[in-house]
Each structure stands twice: as structure tokens, then as C-alpha cells.
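Working notes, beginning with the structure itself.
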Amino acid sequence: MSYARQMLDTYPRDFNVDADLLAAAIDALDDCAQACNADTAADLSEQNLAEMVKCIRLCLDCVDVCTATARVIGRQTEYDASLVRPLLESCVAICRSCGDECERHAHMPHCRIGTEACRRCERACRELLDALK
Amino acid sequence: MSYARQMLDTYPRDFNVDADLLAAAIDALDDCAQACNADTAADLSEQNLAEMVKCIRLCLDCVDVCTATARVIGRQTEYDASLVRPLLESCVAICRSCGDECERHAHMPHCRIGTEACRRCERACRELLDALK
Amino acid sequence: MSYARQMLDTYPRDFNVDADLLAAAIDALDDCAQACNADTAADLSEQNLAEMVKCIRLCLDCVDVCTATARVIGRQTEYDASLVRPLLESCVAICRSCGDECERHAHMPHCRIGTEACRRCERACRELLDALK
Amino acid sequence: MSYARQMLDTYPRDFNVDADLLAAAIDALDDCAQACNADTAADLSEQNLAEMVKCIRLCLDCVDVCTATARVIGRQTEYDASLVRPLLESCVAICRSCGDECERHAHMPHCRIGTEACRRCERACRELLDALK
């Protein structure tokens, strides 16, 4: 069980979001940031660098946005929908773009893993978004 | 002239956003993150901690969201509106909430400075958002 | 198997660090950042706030240092010992201080989890440090 | 006057570091992160990508390490030398490596600006380190 889940189970106050969906989103965001960060470096090690530029750029964006969102929603409590909603929408957008670009390079194992991480994160953010509505 | 502005002036390719608005937003985001990070620590040094909790939470969110957004838009080029728009909207939302809460404590000089940083950042993000539409 | 480990196994080039130790450190750093971030918020929800201030401060430092270190070592390849060594030493230092402070509050379940995350991260960073020497 | 400096001047408690040196370091770290982040993107826009890979990697490290250090020392108070010293040493190391690499490309204006930001940051971190000893 991830620390995110354990922390939600021991949180000293009530919070008004489903703990399963919240923990799944935090974990998927942190994992996606980890995968895309590593994919940036792997892309930079490829021969055909010119083909990898878009993937590198999108991975960098994905790391930044997913890390920030994991931090914000990982401090749960008192969800401010006006903040959390556009933030999760940013994650959905970047995970979709980054996942699509990684998928174009899915013959490279590191981009296949990046695709998987982005797809899972996009799904987890969408499910949390749906629950917040 | 900030490094952000100098970097835009020497960027090797064209980009389709007004450089003045973009540089102003990057600088305001980085400055807001700097101010809110310091305000977190100053709030934690106050006597009446219970009254400062909401301000601390919002400042933490503001630091995370502004830093990530500055990173993403500071790597300019090829604006993906589906990503940048919700990200800037997240900044507008958190800067407004955080600025309002800081303003409630504006008799504390550090919260007065935090208010100013949030207001300026909210304005710069709105202006960039308007230009992207 | 974490994405960090999968990414190391599919990395397009050689790298001169033991993949088990490296993956364990990246995972422990990311997990520690996740736990300490959540602990910050849990601490802010406690009644006896004045007693939690030091823990909050150290958790904030721990999140920042562990996240940055995970990013740097997660982009592996070409280890620059002059950079990676002091960075890992920073992590050892903050994880020890933060773990000690969390342990003082170990009757609170969220601080018990924070202690565990810090101890595991300190150990993983020490082991990677030893391997780099 | 930067927000970092204003915040130090209005901090509610004493702190045992020279405010000029501390503010100069925070500003130089944030500025260096801003410059190196933009330089990453500019490097990725160059024709001779293979020659830029090392510069991109070092700029990414520089952004991560400088941002984390600015956050930690920007929450000043109660300096834990065992944490702050290796962290500042990490900054000195990465700013020197990154500044040297940027200087090799100093015919590109964006790398000239990156060099300047790294040199200034290295100097400010060294001066703060000296004052902490």
C-alpha cells in the first residue's frame, strides 16, 4: 500500500473525496512524473535526436505538471474546486499529448513504458475529476 | 531585464505569443513562488498559528502551481492551448485564493508582500490567457 | 516493478552504477517526498500546532530535496560525483533530521509513516553513496 | 528590491545569517533556475542537437537543484548546517559544470546568458557557504 494511501487512512480530519480515487490519482501522478523524467534522459541518449525533440519537451512538461498536482492534491482537505479542477484538466491534457507522442516511439521500450504511465495517469485524473463534479 | 526576457529575445526560433506578456508572466510566476514560499515560513513563525493554517496551505499550493507553470511556459514554443490554458487558469485561481487570504492578514508585513505578489501574478496570467485566446 | 526500475532496464546506453541500488534510491526518494508532503498537511490539521512547527518545516525541506534528487539521479548516465555526492548527502541529512522529528510524534499514525519513509530513504541514499565511492 | 529581500526584512523572528548574502543567494538561485530552464528549450531548438545534449542534461539538473535550494533557504530560520551546507555545495558543483558547458556554446546568445546566470549563482552560493562556516 503506497504512503499516499496510508496517509489518507490516518488523516486526522475528514475530507470529502473518495480515498481510493484520491490515492490512485496521487500514485499515478507521482509514477508518471518518475517515468517521464527517466524518459527524457533515455530520449536524449537516442541516435535520432531530431525525432525525439517533441517527446522530450512533452515529457518535461508532464514531469512539472504531474509533480505539482500530486503535491497539491496530496495535501488534500478542503478541496477548492476552482483550483483542483483546472489543475487536473492540465494533467489530463499533458498526459494525453505526452502519451500520444510516446506511443509514436513505442518501438523504443522506454517510450512504451512512458506511454503506459501517461495513459494510467490520464485515466486516474479523469476519474478524480468525475468524482469532484 | 530578467533572464526570461533576455532568453525570449535570443530564442533561436519564432514563437507565436507576445514576448512582453510572456516574459511578464514568467517573472510574475517565479516572483510569486518566491514570495509565497517565504510567506509560508513567516506564517509558521507567528504566535497565532491556528489563524495562519489556511494561509500556509494556500501558499504551499501557490508555490507548487506557479513554479510548474513558470517552467512550462518558460520553455515556450509551440503553445499547446489545451495544456497552457488550464494551467494558467489554475494559477489565476490559486493566486486569487491565496491573495485574498494573505490580504486578511495584511497587517502582517509578510502577508502584505504575499498579497502584492499574488495580485501581480494573477493579473499577468490573465493577460497572457487573454492573448492566447 | 517501479517505472524507475523498468526504465533502467531499458536504458539505451550503459551507465556505471548498480541498477538495483539506483532504482531503490529513486523509489525511496519519490516515496519519501510523497509521504512528507502528506505529513505536512496532516500536521497542519493537528490541534497542538505549536508542537508541530518543526516537523512541518523539516517535512517541507524533505519534499524539496528528495524530489530534486530523484529527478537528477533518475536521469542517470554520466554520474558527476561532484554533484551527486553532496546532493545525496543533503538527502541523508534531511531524512535523518526529519525522521527524528517525525519519530518524536510517532504516536500520531501519520508521523509514524513519515518516520518509516525517511528512514528507508536515508538508508537507500547511504547505500547509493557507498556504491559511488 | 526582490520579494526575498523584502520578506527577510519583515520576518517575524531573528535568524542568524546575514540578510544581504541570504537574499542575494535566493535571488541568484531563482534567476539561475529561470535561465537554465529557458536554455533547455533554446538548446532543443538548435540544429546541431547532438552537440547540445550535455548542455541540456546539465541545465535540467541545474533547474532542479537550484529550485530546491532556493525553496529551502528561502524558508530560512534555524539553519541546519548539516543540510544547508551540502545543498549549497551541490549548487556550486552543478552551476560550475553547467556554466562551463554553457560557456563552450557562448557564441549562442542563450548559452551566453546561461553562463552568466550560472556564474552569478555559483558566486552567491559560495559567499553564503563562507558565511555559514
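Per-chain numbering from 1; labels A, B, C and D assigned in written order.
Please note the rule applied: contacts are C-beta pairs under 8 Å (C-beta built on N, C-alpha and C of every residue); 3 or more make two chains touch, one makes a residue touch a chain.
No experiment lies behind these values; they were computed from the predicted model shown.
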item	value
Farthest chain relative to subunit C (centres taken as mean CA coordinates)	B
When subunit A is superposed on subunit D by its C-alpha atoms, the rotation angle in degrees, nearest 5	180
Equivalent interface positions on subunit B and subunit C, same or different at half	same
Gap in Å, rounded to a whole number, between the CA centres of subunit C and subunit B	27
Geometric centre distance via CA averages, subunit B-subunit A, whole Å	21
Subunit B: positions in contact with at least two other chains	40-41, 57, 60, 67, 71, 75, 77
In the complex, subunit C residues that touch subunit B	40-41, 44, 49-50, 53, 56-57, 60
Touching residues (chain side subunit B, partner subunit A) in the complex	57, 60-61, 64-65, 67-68, 71-72, 75, 77-78, 80, 82-83, 86-87, 89-90, 93-94, 97
Subunit B residues within the subunit D interface of the complex	2-4, 6-8, 10-13, 26, 30-31, 33-35, 37-42, 45-46, 63, 67, 70-71, 74-77, 108-110, 113, 117
